[in-house]
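In the two complexes below, chain A is the common chain; its partner is chain B in one and chain C in the other.
Coming up: the complex of A and B.
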């Protein structure tokens, strides 16, 4: 199958990450293609989460953590000293594994919280709330309950709300770190459908230890093992004819 | 793919009756196209298996599709073989038993179409009918074979043409066998009931399947 090489929206180039003296990512080169879902797979501890954190300048928030190499966002290195980290974090949104809406806020306040906390006063708050909840498929079921506490929602609705919250800041890239790890299969399918819809307008990255999930949702897959990129390929190819024997072993469960 | 192989059978018969060698050659060439379709369907099924992890009726549908294309591709091969024999026959004066071929072809083609219709509309009764018609086709082949033997005994100059006609009849009979395979698979897909390799009492021939 011929893969059309699309432009990388966000690309790690010789990216290395450290915790103190320990090097946890080793010269990774991974592109996230515009309008596509890129999955990062690998066993626990292989550096998937660290990678996502490096892509949105979150890694450096841990004390003793540092990054080497570059991450290009539309060709601009986000680690350039002249670049404002919080501006990067607005353009590259991150969704956590466990839904983390602000518990003291209502549904509506949660959607707007990114703007409020950034000191932006939204002129059209109501339409932002509506369009963001619409985009995550939550509007119809929740439009009459916008004032209830976010924690009153079901787990999957909370996760959808968290995605809506990040959409309010109009990000260009959305990184999801194990977004379904606390969800049941039905709820997982809902989030996967949502990712399918979102990829038309955003560049998506997902870290997952479920290779079945990567197979279902992604267009490209990066297999990372002990901080090293073993294989980057289009999803069809990786799951039918992986080129590295370690990928083959991991996918077929013959690992170790 | 199914429509194309049906068309190949029909065209090969028209080429025989109307002595149209150009059409026969086109049938032979169509086989390439059918082969390519087989590869495409195989590839699509493999991707679906790898990426969607289908189960239950979805799983039966996909594994069935993989097998159906093998039979369809073989039917395409047989139609191309008929085309080749027609090309040879068109070089010779006609022989009377040609007349039986279109009728046999209609039966065989009808079986293919009904098997595929049964697949699409999930119709067990329709698939069952295909299986029953296979006997009809086998009997027809036996008749044609006897007539051809007579021709060959009457006049050795008939042998070249009679053996070619016999091959065509055999190919059509094999098309019927493949259509029967398709019908059996369709029944499996719909109800999950395996009707292959049954004895007359309905028991599975080999005990291996029960384990």
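Coming up: the complex of A and C.
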């Protein structure tokens, strides 16, 4: 296994995740490097989504789910009992595979929902809405439709809106769980372009089963198989010279 | 591959039979409502001629009093039951599914099956006999207790219908459990819950047994009790029973219209999920 020497913004250290008695992640050690995109690849059921949920303390919301080990955010263990899980989730944003804007809210309310749900009073709500929608490249398209229900937007616009909604909380890390799985190739390209823009200001993590997407968008790749980290490397090296035969087998389509 | 002709014939026959049965049942209900409307209006028209003016006036004021009592009873019962129902229903939906909540759910399901007359006996013993509560207040409490389990379980199922994706999205934004409930689950279910509460209250309008036990001694009961008393006047023509039944049906149908209006909004909202 090749480990990239770089400054980790968020790092899983000997991370293990359980659903009841079943261990689904096995002593993972994966850094998410500051200002870069780290892709987690692997076949379905390998633990990619669980890993992302553990990195943002979402895993514990599932009944019977628990975590062992540590996840360090700027060196602070987010699983320390003194750490507030809600505060962690505001710093480490999670974007789901399927766009999930709040149907009872307008576009504008959705952008501000993170603030309102957290009880944060936004002094300059209008500028927050504008800047967040600008950041995801939606402002020009929907600036005249801010009061319509968010569900009236197209699927890709809804996914962009969900990203904008997270940005309103000024997170430091954004985790995207197969963000293009329900999008067509054109829409996928839009989200990938957006990730390219966002990497300059945020640390990004993406779970994907598309190796082409991982190759296009990421700087580092972690290959996970049956909850085990098989290989972590920079993207070029992993796709051209994998060090583990299982990685090579997966990349060449022998399984998965 | 095309299905065989006998299979197609069987499909057509079953579909025709089901349509016929549906039509027949609809016809029976329509005939019943038609009969009630005709006889009810006839009763309302003939009572002033059938009775001496003083008795007709007394009966009309009794009918108006019963209608007013129905409104008061159902409103008070709704005001008592709905906050508890909404709170417990949301707790069942959003709380961790532990032994306590499973017990509460089992109790609510069991309580739904308790005959209304039993609820009446309990409330009468606890509030009228022991505490000397007025029949009207006791009737409202009994009605609230009777409707509460159904309201709780309906609220729970409506809250559970909110997709978990939305809850996850709210938690991912750093929302607390209470914020998720108030900011995501409640706005998504509010109209549906109001419709469910009104539907439950419609059942309350037609409830007679529980009110006969708790309010039997009251001078003026609600419409359901009036209809019951009038229908037992075997020595008199049934015009008064029909007239009061018609007024009660108008009440119930008006409330149904409210529910239909609310439900159309709910369906629009759910289409967005």
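Just so it is clear, the second predicted complex is superposed on the first by the 250 of 256 C-alpha atoms of A that agree within 3 Å, B and C clash if a C-alpha of one lies under 4 Å from a C-alpha of the other, contacts with A are read in each partner's own complex, and residues count from 1 in each chain.
We adopt the following convention: contacts are C-beta pairs under 8 Å (C-beta built on N, C-alpha and C of every residue); 3 or more make two chains touch, one makes a residue touch a chain.
Quantities reported herein were computed from a predicted structural model and do not represent experimental measurements.
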Greater residue coverage of chain A in the superposed arrangement, chain B or chain C: C
Partner chain in contact with A:41 - chain B first, chain C second, else both or neither: neither
First (chain B), second (chain C), both or neither touched by A:90: second
Contacts of A:17 with chain B and chain C, given as first, second, both or neither: neither
Touched partner set for A:215, first chain B, second chain C, both or neither: first
Touched partner set for A:236, first chain B, second chain C, both or neither: first
First (chain B), second (chain C), both or neither touched by A:194: neither
Partner chain(s) touched by A:58 [first = chain B, second = chain C, both, neither]: second
Residues of chain C defined as touching chain A within the complex: 96-97, 163, 165-166, 168-176, 179-180, 183-184, 187-188, 269, 272-273
Of all residues in chain B, those that touch chain A in their complex: 43, 46-47, 50-53
Chain C-touching residues of chain A, taken from the complex the two chains share: 56, 58, 61, 63, 86-87, 89-90, 93-94, 96, 98, 100, 102-105, 113-114, 116-119, 149, 151, 162, 165-166, 169
List of chain A residues in touch with chain B within their complex: 1, 212, 215-216, 235-236, 239-240
